[in-house]
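Labels run A, B, C and D following the written order; every chain starts at residue 1.
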Amino acid sequence: MSAPKKVVLAYSGGLDTSIILKWLEVEYGCEVVTFTADLGQGEELEPARAKAELLGIKPENIFIEDVREEFVRDFVFPMFRANAVYEGLYLLGTSIARPLISKRLVEIAEMTGADAVAHGATGKGNDQVRFELSAYALNPDIKVIAPWRLWDLTSRTSLIAWAEKHQVPVPTDKRNEAPFSVDANLLHTSSEGKVLEDPAVDAPDYVYQRTVNPEDAPDAPEFIEVGFEAGDAVSINGEAMSPATVLTALNDYGRKHGIGRLDLVEGRFVGMKSRGIYETPGGTILLMAHRGIEQITLDRGAAHLKDELMPRYAELIYNGFWFSPEREMLQAAIDHSQTHVCGTVRLKLYKGSVNVVGRWSERSLYSEAHVTFEDDAGAYDQKDAQGFIQLNALRLKLLASRERKLKG
Amino acid sequence: MSAPKKVVLAYSGGLDTSIILKWLEVEYGCEVVTFTADLGQGEELEPARAKAELLGIKPENIFIEDVREEFVRDFVFPMFRANAVYEGLYLLGTSIARPLISKRLVEIAEMTGADAVAHGATGKGNDQVRFELSAYALNPDIKVIAPWRLWDLTSRTSLIAWAEKHQVPVPTDKRNEAPFSVDANLLHTSSEGKVLEDPAVDAPDYVYQRTVNPEDAPDAPEFIEVGFEAGDAVSINGEAMSPATVLTALNDYGRKHGIGRLDLVEGRFVGMKSRGIYETPGGTILLMAHRGIEQITLDRGAAHLKDELMPRYAELIYNGFWFSPEREMLQAAIDHSQTHVCGTVRLKLYKGSVNVVGRWSERSLYSEAHVTFEDDAGAYDQKDAQGFIQLNALRLKLLASRERKLKG
Amino acid sequence: MSAPKKVVLAYSGGLDTSIILKWLEVEYGCEVVTFTADLGQGEELEPARAKAELLGIKPENIFIEDVREEFVRDFVFPMFRANAVYEGLYLLGTSIARPLISKRLVEIAEMTGADAVAHGATGKGNDQVRFELSAYALNPDIKVIAPWRLWDLTSRTSLIAWAEKHQVPVPTDKRNEAPFSVDANLLHTSSEGKVLEDPAVDAPDYVYQRTVNPEDAPDAPEFIEVGFEAGDAVSINGEAMSPATVLTALNDYGRKHGIGRLDLVEGRFVGMKSRGIYETPGGTILLMAHRGIEQITLDRGAAHLKDELMPRYAELIYNGFWFSPEREMLQAAIDHSQTHVCGTVRLKLYKGSVNVVGRWSERSLYSEAHVTFEDDAGAYDQKDAQGFIQLNALRLKLLASRERKLKG
Amino acid sequence: MSAPKKVVLAYSGGLDTSIILKWLEVEYGCEVVTFTADLGQGEELEPARAKAELLGIKPENIFIEDVREEFVRDFVFPMFRANAVYEGLYLLGTSIARPLISKRLVEIAEMTGADAVAHGATGKGNDQVRFELSAYALNPDIKVIAPWRLWDLTSRTSLIAWAEKHQVPVPTDKRNEAPFSVDANLLHTSSEGKVLEDPAVDAPDYVYQRTVNPEDAPDAPEFIEVGFEAGDAVSINGEAMSPATVLTALNDYGRKHGIGRLDLVEGRFVGMKSRGIYETPGGTILLMAHRGIEQITLDRGAAHLKDELMPRYAELIYNGFWFSPEREMLQAAIDHSQTHVCGTVRLKLYKGSVNVVGRWSERSLYSEAHVTFEDDAGAYDQKDAQGFIQLNALRLKLLASRERKLKG
């Protein structure tokens, strides 16, 4: 790969990406463009602008954007239509944000004439894969710079030393490594590394940042109603909301009631297992609510097919293949199923748990006439079950007959 | 179908199966054999013997058995190795008990020279299918009698009248229908029908029989450790236990902490949707614990394949195909994966929720050496990620190149 | 079910459906509407009109339509986009025609105010299921009459006697049963029953009606080029053709070269196995051609997902679930993949076999630059393979380390 | 990676692996052990011994083995139980041989105290991946040397020059590159590269080495009978044979009748598409025969599950994951299904095509009593179909009712 001339960097404003910013300039003598996105991580963006300027980035090369609505509308919601969970439990909060960041990096590269993009993910994790597969899928000629795989600043000491040598300001509280590493956006906060590296040992309380401890949550349950249109949440307690607003509100409910904590050891795409602490307050409520509304509005055949496709779909997102034909194919199938997934779900939130307690819809497929224990006025003829069972049993009987014949 | 001469009836000792017992005699003039099983439903069995005798069944035709260990060892545990849930949430507590009952009915029929078996499931539900597919799969020539599909006793009044006319004792509290219908065994209690038929309306508190309300559960969390061998739970807090004993103990923990309640609308195999309230206290803990131990002992490739196969596996059990070649094939694959699923999981139980907080195993695949944020002493070469990403990206780049060429 | 007042009958003009026509009138005293479709079965339609009139059907109740283009465009082609084969070999020629017939029956019922439809399929086969599931999926209130399941005319003799008694003309050559049963349309001819019922015995030559015996096919191979747009065949040897015209032309090629014969024992949806002889000349060529063009235009991820989804998709069509949400979901996924499946395939036809010998496309993903054994000018860095392999191997190494540790 | 001390080389005796042999010695100063296997590639092995000796390898370091029976018994046959084809057409002839070679390399390394193995596959292909994943899965500490990814001998000229400089004898006919590259074993011959690199152009006749041109095959068809036990071919025309003998005999039949030629563009695991010409004469017959015997002996539920799992299974083998938990899980499921796959299949071989024309088995599930068009003496009650269809239709009716209500 020839040296890049102009690089768009995914820039948080923090120490690590500030060092990367400087390192790109020093290493390649290239121009750096910064991109800082508000994905709902809960940090001010303007300090990132100030830092970038302080580090000498030209104002026209500083891009700061609020992408929360796009994030929820075009990434989080499509994924939740699939009820996606990775390895049975993980709601993919980090995975789903990466493709959006890469998309904007590539778009800004094209706008500014940059020939490369750069990110601050390490060589051991999944995020490098997600960033880079997305970037290459959108621009096959883009260069991707991953400094953590290139430089030799492998200890905190050497990193700080390099920063000081190159006039990157080092805040006092960053001189030592954090006790664990954090990623956050509107969907979740993940924590991993360091104090969390022994999966036998309970995560310390201070790791949790986004939810109260269930023990500290209110002693009374709270009930909310989430409205859906075509598989997406559109209202809470009757109040219509935009995608990001819905998720923000659900996050508030989840935080308050200690909902959405997960302590997981997962299999990374790069091959090893890692342990993460995830907090997905609103997403956990949303998943349960979505299942609740599907229960009455989604046909069994469609629902079961979705359940069978889901693990693959989740794996694709986890592995970084959001922008791939196979993820898009699965999305087409999933989206096709959601047309009538409309209605309202009533949920009980209480000390760490969320449960559906009621659901209703004008598009419900639930037929009390058919299912009732009472007289059904001919809606269903119980005698039909006889033939249904006989024909389902036929091949099993033929198998049993063979078995008996062989046994003599 | 010619009239049966001798019928083995799945007999609970309750009013409904007592009426069926008499009806079989009246309708077919046949001999009746009763089979009453202790599946952990929490009822005394001896009263069933007394009732059968009172109804004139010969002592040698009364079979009463404690099948709890067989139930958990040969049915529940194999199913939990698969992490089976139906439609994302239901732990299949009723479904998994039916094949065992049918197996014993068929075996007793062969022992006693009966040519038919009978059950008390209605023509609208899944249980008739499960009973009958299992029976036919084990004996292709057996007759199965399902009185609810045959007689015209479609109202409570006509049923009671028939009973009185035929000297079947009717307890006063059974003159009116129960406000909902219940099935119970060591794995779960299910409630459905009547007061539960409107899925928009919260289930009343009195429906729950097996778990305390989370609000009434202890205010302090409790931590337990579940030990596993080859995918099956074998101990709690270090104490070795038999399969049924483990599940019983987990049920106690779950009941106390209000764990395992589920309000679900599900798609029945016979075609309509129905609403059920399930309580699976021990099973809910067991599922979480099993996922916890798999997290460190099961390879990612195996785990993901299991997750993809699971919905089909669960559907087969739900639909009554336990004794089918395809369920057995999936079981063979699942069981193959469990050899090394050994170790201990630490769980937090608190007011309705159960979470893994730690797990360890001598067979762990988790490698702190590989995943660590610290110096890994060469266990993992971050530069390998470059090639890994490039080759995974190659086809995406070729796609993107085509896209660009077409757009001109 | 109350008696029908007006019935739309799928009417071929043959003896069996003529008897059904009369039987419906006799049995229910109802008005009969006939629907006769040209699906490419190779028979004149006007004789059916004459027969219907002869049997007293009012002219306005006789519907005769050429649906060949709709059949290929809306049913056959979507199915071939999926490369659908049932049980590895069967091209679903009968299965795919049934939903179209049901669709027209239901539409004509709605146009003519009929409350029922009727078909001539027996109670042992799949076709009854396909007809009826399709009808119910399109009109939940329609009645479906299946006389073969209702009457007691179970022998040829009784059937002929009934016909004669009710003035249904019986052609001399129909007095005895045919030596086997045939279904035909533009996609295929199937033969089954009678002389074919022993699956150990070769099908006699006279069973084959639509293809020459490969031994009698030309001694020289013929090469043709099939053009594709978005996954559908649109031209042969450069000549643009409509869907039905393409398939007709491919049938001619296939017939001439003895292509598309299949002797199969298959598992019916109703539970037993049956043996059929299928001739699908054009379809066999089309399947191979479609795979040929996908080879260069379809991404590997999309192609493999399609291959995994195909058996389920084929099963749905075989079982009669064309008009189901899950078939439509899969179709959405499949269709999404076909956008760029454009180009030309060159095929060799010779004495029963068809093979791709060349393929080219402006949308090809094949990159000689990447794959070449010659110098690739940097298109591909062989060193990337090292990292690719190392990270794919990582979990396998961790497994092997555990294995070694356990063995001591 | 530290330099290897002793390397086991997969050695064919040809020029390329002879150069590698010498290069390993020159580059690492290490001891070389050669392993040459008879996989049925049709070449004498003793010349390889002579060459190795000539190049200075110590006799005790030369391993020459006939592994044909192991190859067919433990690799080819298990794969054929699955009816495995990659991308719809490729019988995986190269893929399935690699794990066996790696297994022996690793075993010989352990026997001889070698710390590394080496192979002659290039950095662009799948074989490097298959060799190395297998090696690492069997010995996590082994080093794998892939000289083609390491050296700079990227042109034929430089390679020959290096050979001459280091006293590796260069046969005159090897001074120029072959017009295409070949891999062969008892299952197949593959040809690729050079003259085959344009997928639009017909492969020249001289590429085919293992089958006669169908035009040159006998003018009369030949019929053979293949016997099966538990899914494996065990006899031809009644004569019992060992696995390798069966495959050898089927190869002879296939060669004679021009069966098993395939011109394919496939998606490689390393990301690009490549074009190969495959000849799999015996395997093509075997696949058809296996499907034929499964048709009557394998239950529909098992067969359909197998068909759904097959593409994944084939992909795993293609990608090099033979020694992986997920391949083994799928194998366990597949093998479980094969217990009763016993019987005989009659096949017609004629000018490039192979078709099943008859099959019989003592374990047949085919029931003429059930399927017959004649009177079935009560084996099947056609009225059962009514209930079967009604309950299968129920959810479709509920969907249609919703649709009508919405359009309302």
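Simple rule for what comes next: a residue touches a chain if its C-beta (ideal position, glycine included) is under 8 Å from a C-beta of that chain, and two chains touch if they have at least 3 such contacts.
Composition by chain, UniProt nomenclature: A, B, C, D = Argininosuccinate synthase.
Keep in mind it's a predicted model, so treat the numbers as computed, not measured.
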Shortest walk length in steps over touching chains, subunit B through to subunit D: 1
Which of B-C and A-C has more C-beta pairs touching across its chains: A-C
Subunit A and subunit B: spacing of chain centres that average the CA atoms, whole Å: 31
Whole-Å gap separating subunit A and subunit C, where each centre is the average of the chain's CA atoms: 41
Of all residues in subunit B, the ones touching two or more other chains: 267, 270-272, 299-301, 304, 312, 321, 324-325, 365, 367, 370, 380, 383-386, 388, 391-395, 398-399
Complex contact set, residues of subunit B against subunit C: 299-301, 340, 363, 365, 367, 370, 380-381, 383-388, 390-392, 394-395, 398-399, 402, 406
List of subunit C residues in touch with subunit A within their complex: 267, 270-272, 299, 301-302, 304-306, 312, 321, 324-326, 328-330, 332-337, 391-395, 398
Complex contact set, residues of subunit A against subunit B: 83, 87-89, 122-124, 128-129, 132-133, 136-140, 146, 148-149, 154-155, 177, 181, 193-194, 197-203, 214-215, 219-221, 261-268, 270-275, 291, 295-296, 299-300, 303-304, 307-308, 310-312, 315, 320-321, 323-325, 346, 350-353, 355-360, 364-368, 370-375, 380, 382-386, 388-389, 392-393, 396-401, 404
